[in-house]
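Going by the order they are written in, the chains are A, B, C and D; count residues from 1 in each one.
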Amino acid sequence: MLDLDKLRALAKETISRDDIKYLIGWRQGTYGFRTSPHFVGNLEDAEQLIFSPLCSSNLATYLTLAEKRPVPRGAQPDTRRVAIMVKGCDSRAVVQQLVEQGIKRESVYVIGCPCEGIIDRRKLEEKVPHTLERVEARWENGKIILDLPAGRAAFPRDEIVAGKCLTCRYPNPVIADVTVGEDVEVRGSAGFEDINWLEVKNAQERWAFWRDKVNSCIRCYSCRNVCPMCYCAECILDKLNPAWIQRSVNVSENTAFQLARAFHLAGRCIECGECERVCPVEIPLSHLNRKLVKEVSEQFAFTPGIDPEAKPLLAGYRPNDREAFIL
Amino acid sequence: MSSKPKIGVYICHCGVNIAKTVDVEELTRYAVRLPNVRVARDYSYMCSDPGQLMIREDIRKSGLNRVVVASCSPRMHELTFRKALLEAGLNPYYLEIANIREHCSWVHKDKQEATAKAKKLLQAAVAKVRFLEPLQEKEVDVEAAALIIGGGIAGIQASLDIANAGFKVYLVEKTSSIGGRMSQLDKTFPTLDCSACILTPKMVDVASHPNITLLAYSQVESISGYVGNFQVKVRKKARYVDFNKCTGCGLCAEECRLANRVKSEFNMGMSNRSAVYLPFPQAVPAKYTVDPQSCLYLTKGKCGKSPKCADACPAGAIDFEQKDELVEFKAGTIIVATGFDVFDAARKPEYGYSDYENVLTGLEMERIISASGPTGGKLVLGKGDGEYVPKEIAFIKCVGSRDKSTGNEYCSRVCCMYIAKLAHLVKDKIPEANVRIYYMDVRAFGKGFEEFYDRVRREGVRYIRGNPSEIYRRNGKLVIMVEDTLTAKPLEDEVDMVVLGVGLEPRRDAREVIDLLRLSQSADRFFLEAHPKLAPVDTATEGVFLAGCAQGPKDIPDTVAQAKGAASSALVLLSSGKVKVQAQISWVNEATCRGCGYCAEICPYTAIEMVPVNKMGHQVTVARVNEALCKGCGACAAGCLSGSVQQKSFMDSQILPQIAALGGKS
Amino acid sequence: MSENFEPNVVAFLCNWCSYAGADLAGTSRIEYPPNLNVIRVMCSGRVNPMFVVNALQQGADGVLVSGCHPGDCHYMEGNFLARRRFALMRELLNFVGVDERRFNMSWVSASEGAKWKDVVTGVVNNLQEAGPFTEFPRKKIDW
Amino acid sequence: MKLSKDKLADFLAAIPGKTVFGPQLSGETLRFTPVTRPGNLCPTVNNATVPPKSVVFPQTETMFRFEQGATDIRTAEPSGETVLFGVRPCDARAMSIVDNVFFWDVDDPYYLIRRTNSALVGLACLDPCVNCFCTSMGGGPASTEGLDILLTDLGESYLLEVLTGKGEMLCQSAEKLLSQASSADKEAAKMLQEKAAAQISRQIDPSGIPARLPALWESPIWEKISASCLGCGICTYLCPTCHCFDMQDETEGEESRRYRTWDSCMFSEYTLHASGHNPRPTRRERTRNRINHKFSYFVDKFKVMACVGCGRCINLCPVNIDILDILSQVGEQAL
């Protein structure tokens, strides 16, 4: 079990260093089961730092989301490191950002947090609706313990964790300058049970499934904006000249948008599941990503976000890549 | 950006080639209605002078700033029309071609369907041309040197022509001597010149030419760069003989412990040489080479007490410490003249080439008949006391040519005549011999060929039409099973020897050359020329030309002619000293580039580098294209996630309108 | 599907092999169905997989991407890069329920005019069976 | 009046010549879509994820059509009459607030037609969500502002209060399906409504906010609040009072249309000039604008806050940016 005092002490020590700009972690949210990204800039902020099964956000997004304001003439940009707390999946995002030169190794200080699974708020709220009081949670002996207003409750991990955690192969950070807590056992399935059921349906059934989902997309772009791999200064899908995708919201443009988003993550998606978590209309976006993860793994034996020195999948090839589909 | 598009559309009838199937008048009426089209005209031959004049006049008078030509493939006349634009003062890249001939009128019969398709193709071209941007053609200097790969007659001829024109030539030959296949031939058809007599003077010219650097016993290791600026790396294999000290006296070979115990490649394994050898007496350079595959010292590390060759060499030229040497140089142009391999007769087991020693290939027969060959020019069979003069001699043609079972559907072009020549030489040496030739067809198409064929028949050589099915041995004789297809009678023909007219095949290591130079192969696996008729010595790789049998089977005159053609093409580059580089290359919008480096990883030419730039006071990395290295494939553009890398003339903003035009129901 | 359905196919051909192969089919007067229209690119490596999605949106019933045979790419590697990209795009389209006959890829060399005809005929015949693309074309709804 | 629940289908069917929109499942979430089978209606669970503003102010709406090169335009067909069934009081109130904008200096013709052609049948909120704070914003679970009819769920039947002439017209066609409500029914409804109001535990007094905001323009709170903002469109797209739109042209062949589609001030390109300059360059300025627009500029112009306390932005923000938390920070900040 994670000792919060130790975590906060580490955070204080870290932000006191001259070469650290600030630390990105999590804090308790404003109500119920929410947590929020927390930017620790001083010792006081560090007191609110937590790490628990409720810490859903992939903070690696903030490494590339940070806006670069113009540096006044004569001044120097602040190039100090950003300290960041990462779960296993989040750490893969950091590695992939390194592969893609989105960040530099010397500009981040990675605090690894081994993770036994993150609560899916929707699953939990179904079991425990109408919770306004702030709730704390922790892992204990394979269960998740919640201090609910009505008293302590223990839930079997697999009942309330996010789908991504059930197939997680990297609960322990793959990159870290310092680690808090002990490494945990890999419990996620290596299979693709989450999408196999959809794959076996016929094309009409699959389209019926997706049309229904995509039809409800409101194009709020939260899936894209939350993605730690989506950090183009100007997204190609926002361009008006040429307009790859029109602004009108309908099945055609929505489908094209979601296909483009998924395809742009081919060989890059590190399965943090944030796109699906944030979707306000609950489109199972991870399915699209997972399908590509499956193909990338089966066809090319490739897993992104593991090796900072890896060559990007779609920037290379093997002469003997599968080509049974080619006429 | 440029001003509002004013498009001229020019629709070619191509005589009846297009007009017969596509309603060109209807197409013209349709074109005028397309957005931004100012003028649309049709004409019988748009590529003709009056056709081009029509375009130029319209540009001048109507102020057109974009041109669409609906005609043949852009691979035919894109350059023609670009020139017309340029002459009229318009940027030549404001042109788009709609291919309504090869992709439409020639492949469809129904006039209505073909016209409808032509409309779509035209609409797409108009959609694209609106978004085209002017491009500038840049020039780079051409390094005044040529690389020629292969030292056969093609490579020799090309080298001499280029060297005589005053340019530097690097001639790279894999074996220890130039001369190639021609040096193995006895006489040449149909004139019966002595092959060596006409070849060796040229070989000597090569060796002594001040402009030619001969790199024999060498192989090209790598080629990078681009037309005008190829960086070449050649591996000079160790000869274990000091090139400068060796006088070619041959004492080493005489003293070699393996003297007469190593099969001679030059004589097709029918005679023996030493482990240190000169492949044939007239070899150029006339320098000995230690064969690392057989030399006792090199294979076993020991040769008696000391290698006898070294002891024997008065010049002290033997040097077992010699290492391969890498030579690097720049070349502006490259000629590939790597020649051919003969068909491996063992792949036709029914002819018993592997089983019966009296079944020979044509090239082996050349060596036997040659005065410099294993028998000194005597045509005899058997050895020692069993030696006898063959009386019954058969030739079989099309072995490994025109034969689907071997994968070689093509005609090797030389077999008909070299067999006629060999038959003549046999009759010359053994007048009483019975010579017959089994054939499918006789193709005597060249200058003097038919006359020679006639002469050989008059000399008593019998031509029997039929493709033998099997050869077997009976009572010490060879029996040919064959059906005479003119009389429809099965024959069992008993002979003393059989000569197989084996065909020509691509070099077995052709793949290496392909990888080296990014060449393509045609269906017959020989190297593909840029155009079978109009660019027969060019390749898809700019600045690289083909000569000789590397491109396809041909006889000596054709080879020499093509070598001269390739030399002339190379000289065009070398003597102009400049070459235009691609204008349709990639370009990076540094403002939106996220610096991920995918494009740089993708680029097969390392034409993209990641460079640091200052954006609002922050150091960031962006991609940048080296314009001289970029070949304009556009793979980077398709791989860029933010659309920041674009290929000029093939930009997203130009292709998406094409897609829209083709997708729409017209 | 109805025999009369005439599919609309957008094809992306590399300049050096497939476009030249299609030219050769023309020069050789090899007849094939008129349902396929070609966009010329220099290399199959230029074809952004999103072009396929875009073509389907813009009214194509099917898409063909054709390049040089492996190892023959004029630019050495473009077709290999394209092969990977489209292997994935094909699976993704299939996963959302787009009939797999709608996306095709082929290797056609400059000397394979006859193969080009076979490819076009095959693609068109398959799409005739698959019928019009109705899943997510841009429609004039609301117009 | 009273409407028995088993007669709801008949009631909806009796409305002549009007399209009925109601909360129905679209994908995994509720939104207002045309009702084809009343059985699909989900009026009893939580409020719709997408507010009913999408009916009178569709996310994508054609304005007019034109042909390339032509000089005349063809305006869109006027939409038919609609009934919005099951509208929550907060969302109805939001529509009245948005009316201020679209009927301000000129009447927006597209909105005008859709709005005047629609009747709103409300449903009192008897089981508010955790993040509802309508009572703090001048509304309540049974607020009638903007509604033509208000229904209160009595278990077997709805208590039906006709609020406007439009509401009366609706009932006329279904007169036979309605029965008189007893005073006990009315009493029961009132009890339920009061209980619901009491259940709303998130409270704030926003009255001081408009005055404080201008003084906090350069306050560091904006930097802090926006630090975790992803810049997505959830809080604005799903806000019942947000009403910004972008206009674009689409062309197919020779035919084009101009349409408008929701836009969000949280997007970086919202204020991006063609020159590349952006007056709201970072999420700090955008977050500040969102709060100022709702609680300062709108109040200046229309004397009402552009927030009804529906709680959607709190529920759905991916990173727990909580508008009540922002307001309390604004309220607590030293000026």
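The rule is simple: contacts are C-beta pairs under 8 Å (C-beta built on N, C-alpha and C of every residue); 3 or more make two chains touch, one makes a residue touch a chain.
The model shown is predicted, which means the values in this text are computed figures rather than measured ones.
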Far-end chain from subunit D, centres as C-alpha averages = B
Ranking chain pairs by contacts, what comes out on top?
-> B-C
Closest to the centroid of all CA atoms, by its own CA mean, is chain C
Per the C-alpha means, the centres of subunit A and subunit B lie apart by a whole-Å value of 54
With chain centres defined as C-alpha means, what is the inter-centre distance between subunit C and subunit D in Å?
-> 46
Please compute the C-alpha centroid of subunit B, do the same for subunit D, then give the distance between them in whole Å.
-> 73
When the centre of a chain is set as the mean of its C-alpha atoms, what distance in Å lies between subunit B and subunit C?
-> 30
Contacts with 2+ other chains: residues of subunit B | 602, 639, 652, 656, 660, 664
Residue numbers in subunit D touching 2 or more other chains?
-> 60, 252, 259
Check each residue of subunit A and list the ones that touch at least two other chains.
-> 69, 244, 246, 250, 314-316
Name, in rising order, each residue of subunit A that touches subunit C in their complex.
-> 195, 198-199, 203-211, 244, 246, 250-253, 255-256, 259-260, 262-263, 266-267, 287-288, 291-292, 295-296, 299-300, 313-319, 321-323, 325-327
Residues of subunit B that touch subunit D when the two form their complex | 35, 660, 664
Residue numbers on subunit A that touch subunit D, as the complex places them = 29-32, 34-39, 57, 61-62, 65, 67, 69, 130-132, 212-213, 215-216, 218-222, 224-226, 238, 240, 246-250, 274, 277-278, 280-283
Residue positions on subunit D within touch of subunit B in the complex are 68-69, 252-254
Quick one: in the complex, what on subunit D touches subunit A?
-> 26-29, 31, 49-50, 59-60, 129-131, 201-202, 224, 227-228, 230-234, 237-238, 246, 248, 250, 259, 261-262, 264, 267, 269, 281-283, 314, 316, 318-322, 324-325
